[in-house]
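Same chain, two partners: chain A is paired with chain B first, then with chain C.
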Partner chain A sequence: MITLGIDAGTKATKAVLTNHTGTLASVVLPCGRESTVTIADLARRDVLAKAGLSPESVTNIGVTGLYGDRVSFATNTFPEGVCLAKAMGYMKPSVHSVLDVGSVRALAIKCQDGRLTSISVNDRCASGTGAFVEVLASFFRVPIAELGNVALTAKEPVDFLNTCAVYVESEALSLMVEGKTAENIIAGALRGFSSRILSLLMSIGVEPDIAMVGGLANNKALVKNIEESLGLSLFIPEEPQTALAFGAALLAQGKE
Partner chain B sequence: MSTGYMRNLENEIIKYQRRIAKIKENPDPTKLKSNLMLYEIELEDAIGHLEDFKAGKPSAYGAPGHLLRAMGFCGSGGGYAAADRTAQGEGSTRYLDMLRDGNWPELACDRTVVAILLSNSGDSPKPQFVSVANTSCEFAGHTAQALAQSGHVPYYVVDIGNDANDENLKYVTDQLGEMVEYIEAKVPGVKYDEDKLIEHQHYDREGSKILREIYEFRKRRPSPVGARDAQREQGPGTGHRNPEKGLAYMRAQRDELFERAEKGTGVMKEEKLRLLWTTVGINYDESIYKWLDEQGVAIYYVFGNHARTLGFTVGFYGDPWNGRKLTPLEEEARGLFYNSWNGRGQRLIDDWMFISKDQGVGGAVYLLQPGCLPTLNLRKLFTDAMEKAGLPTMSLEIRGIFKEGYSQKDVKAKLSNFIEICLSKKQTKVQAI
Partner chain C sequence: MSVYAGIDIGSRTSKGLILDDQNNTQWLIIDTEPAIEATARKLLAKVLEKAHLTQSDITHTVATGYGRVVVSFADSVTEITCHAKGAVFFDPAVRSLLDVGGQDSKAIRCNETGKVLAFALNEKCAAGTGRYLERIAETIGLPVDQIGPLSLQCTQPVTISSVCAVFAENEIISFLRDGKPLADILAGACQATVRRQLTLLRRVGAGTEGKLMFCGGVAKNIGVVKLLEKEMGVTVSIAPEPQIVGAMGAALIARDRARAGQKGQQVATTR
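Up next is the complex of A and B:
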């Protein structure tokens, strides 16, 4: 059985095709200003083309993500935590805690054998979501994907005192006026950010192994900060951004 | 005496008339048929209260309710239930705006502070007397004090000891006696009528018995009652102007649930999960409850010490105290001892745990109502007790009346994840057996 999983997020829509052997193809499309259903449909077409399959070959379409309920062609909708647990149970069953930092909300889950056992969600404060990092990247005109690498070059990371995402720019500007370098400011800001998202994980109790997914899992400085704080290595999947979509596709396999 | 223009009561009358007409024209099969009776009683209450207030009859805000009614006070329109009802209309924004305009504490519990706003705006009548018991619900005390001070009316605080013993029973009963004398001296037109108090206590006892029968039917699977209707059974239903009708409604509800339980019918074909829902309801969004019904999730709602109301933990009105029958005033004193927010928090936790186990819930949704100091502080005790029992708890930061900041989408997402966690635990338990 071939199933499609779609994670309809705020900044990107992710699509993964699976069968009993695992992932067949995956795509990540930035959302831009198109409607969720348009982007999701584009993602569906792209991923099918990538795998060389026709739409008829897909049995079920499982959808998740903040805007999952808007994808009208879905056959099933699944909660994000449930998808994450399912994906991790398949990718690395020894993982019992997962951190997923999205653009407007962050999740920390605990899981066992592919099932969700506990969850904590931050959807209230941007200081602990990807929005904080986006503002930082925008201020320094550094691509988000490069932000971690820039931070790793820092010699003396600053104490970035403001936690509120709204004040990132003014705090960064003040530090620059004081003569601090961009890489030291970025490293300091990311260090503070790491401790905030880590507190989300702490709130449900950390149980190794620990994984991190979502686009920010590609940020090497962030991952390094978290690993140093925990004293443990994180498991980062090969395509951390598509983990939720993969989970949705796996769950859709169980739905006739 | 100023009673304002009573916009709130007028709105309630229109609301109940509309609901009654809607049910008669197009009944919702998922809701209880007896709701029609409840709305008719509440319509009668609202019309009667409005007439009383227009005629200048005195009203009171506070506790004990039976005692104040036995003195001849008419309904004040205050209290949690009246405040909750404002959430279904314009109140979800109107009173929050007033709160900010008036520089009242924004993070006070909305279920208490709305009473001040109702009264000060003239939406509800101003009380001629205010009383409060000094429990851990500090905002109830502050609200009563603010109502009394802003309305320049007599105010009485009943000091309740922690322990339910003979010494404290006398201490609290003496205060109630003093309060009665104080009211008679300060408020013209009211007088203590012991026969009336006995009558109210009788109705309460009868109503509690029916409530207990309903509780037993509620154990059946699938739940004979939907998530929205599950929130209707918090009291014995006899606080209405016509308590006989209140009892008749309770009996009709019981019979309807009995019929559903016997036939195995309810609002859902299969009950996948039962959750304890505590501290406050989402009063401005009924559709979230319909959604829970659709998910096959039944709710057992508890506010305060529900097990006490049902007589599981201490006696009903009329039950003996240390082998003797209590006087009517002593009965009221005993009732205050077991006020939800009085005494040690552990008692409330024990009540909720008793119901959780007895009703076979698979988890609990704990709403964190901003400003509700007792429940915010009790969360840890409750989640620890639930965890020990192998049951997960989800905390949800939501206001009961003010809709601002509420996202149904987010709440559904959180509940969906939580339901899965509970089902997963349930499955693990079944596998272990």
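Up next is the complex of A and C:
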């Protein structure tokens, strides 16, 4: 049975096609001003084209994500934490704790055998979500995908005092006036950020193996900070951004 | 000729005020630049020029605000102390004040001489500060000083559920896409701002005795002022220029210290 999983997030819509062998194709489409259902439909077409399949070949469409309920053509809707647990159960069953840092919310879960056992969410304060990193990247005019690499070149990361995402700019500016380099400021800011998102994970108890998903899992500096704090390696799937969509597709396999 | 100078270095703007022995004042507001000491010197030079005075006419200078310790040529006094002093100068009936600046907000309770009895500060989170409203103005594409007047034209204020300034922006984009009237969105933003301030005010027991003064740049927002008055059930007192209350207090303290130095004893603020 071929199923489609769609994760309708704030910054991007992710679509994954699966069958009994696993993933057939996946896409990540950045969101703009169009409606959720428009971009979800685009993602569906793109991923089908990528797999060389027709829309009729899809049996079920599972949807998740912050705007999942607006994807009217879905057959099933699943909560994010449940999708994440399912995806981990398939990809790496030894994982029991997962961090998912999105643009406007961060999620930490505990899971066992593909089932969600515990969950903690931060959607109140931007300083613990991707929004903080976006502000940082925008200030220094560095593409988000490059930010981690820039941070890794830093020799003396600064002590970044402010936690508020709004104050990032003024603090970064003051530090630059003091003569600190961009990479040292970025590295310092990311270090503070990593401890904030780690505390979300700690709030429900850390149980190895630990995984990280979401776009920020591609940020090598962030991952390095977290691994150093934990004293453990993180499992990061090949495509960390599509993990939730993958989970939704898997869950849709089990639906008639 | 003896004049006394007060400098308030804020996150957004720096305020300089010169005071003489007859309570005449001359003041100026400029943008704070990242180089703080340079900003302070520039500010003082400009306000002296405005007053047709020179550096040598200044007997004593006090600096306050978040950049105060960097100002090498002045005494440093906390914003809390300076704001309370400045507030009772402008309105002797004031016993509590709310100062909402660019990046922080504070609630203060004081006595009739401007001595601080209690205070509460928020400097960690941009929610409810000038920056919050600035970002909203930027998102909508309006000058900040239009938020207040426009918000008064609302028919049904939206509710912004996010405390966080960054997330509030996302909510506002949704409201704009849904076609909600600008006035309603702005009223919602002013509402959210006041909600944050009420927490601080309650913490110090503000408004229970005497008058409440509202100062800082955000006090110029008529929408926020009216909502604050509605929530607190009082008419708030607002200085002729709400942004200079801190600098006024600093200048008054500079004068007190100069006089104490001359007389060799502590002198309370006199009129």
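Everything that follows uses one rule, which is that the second predicted complex is superposed on the first by the 256 of 256 C-alpha atoms of A that agree within 3 Å, B and C clash if a C-alpha of one lies under 4 Å from a C-alpha of the other, contacts with A are read in each partner's own complex, and residues count from 1 in each chain.
Operating definition for what follows: a contact is a pair of C-beta atoms (placed from the backbone, for glycine too) under 8 Å apart; a residue touches a chain by one contact, two chains touch by 3 or more.
Bear in mind the structure is a predicted one, so any value in this text is a computation, not a measurement.
Novice: Is A:M176 touching anything from chain B or chain C once the two structures are fitted on A? First, second, both or neither.
Specialist: second
Novice: For A:V223 in the superposed arrangement: first (chain B), second (chain C), both or neither?
Specialist: The answer is neither, since A:V223 touches no partner chain.
Novice: Could you look at A:D69 and tell me whether it touches chain B, chain C, both or neither (first, second, both, neither)?
Specialist: After superposing on A, A:D69 lies in contact with chain B but is clear of chain C.
Novice: Quick one: classify A:G81 as touching chain B (first), chain C (second), both or neither.
Specialist: first
Novice: In the overlaid three-chain picture, which partner chain does A:T163 touch, first (chain B) or second (chain C), both, or neither?
Specialist: In the superposition, A:T163 touches chain C alone.
Novice: Could you look at A:V58 and tell me whether it touches chain B, chain C, both or neither (first, second, both, neither)?
Specialist: neither
Novice: Once chain A of both complexes is superposed, is A:A249 in touch with chain B (first), chain C (second), both, or neither?
Specialist: neither
Novice: Which partner, once the models are overlaid, touches more of chain A's residues, chain C or chain B?
Specialist: Of chain B and chain C, more residues of chain A lie in contact with C.
Novice: On the A-aligned overlay, A:R115 touches which partner chain: chain B = first, chain C = second, or both, or neither?
Specialist: Only chain B is touched by A:R115; chain C is not.
Novice: Across the two complexes, find the residues of chain A that touch chain B and also touch chain C.
Specialist: 123-124
Novice: Note which residues of chain A are touching chain C in the complex, please.
Specialist: Counting only chain A, the residues touching chain C are 10, 33, 104, 123-126, 131, 135, 162-167, 170, 173-174, 176-177.
Novice: Which residues of chain B touch chain A once you look at their complex with the stated criterion?
Specialist: Within the complex, chain B contacts chain A at residues 392, 397, 409-410, 413-414, 416-418, 420-421, 424-425, 427.
Novice: Given the complex with chain A, which residues does chain C contribute to the contact?
Specialist: Within the complex, chain C contacts chain A at residues 11, 34-35, 103, 124-126, 131-132, 135, 162-167, 170, 177.
Novice: Which chain A residues qualify as touching chain B in the complex?
Specialist: 66, 69, 78-82, 115-119, 121, 123-124
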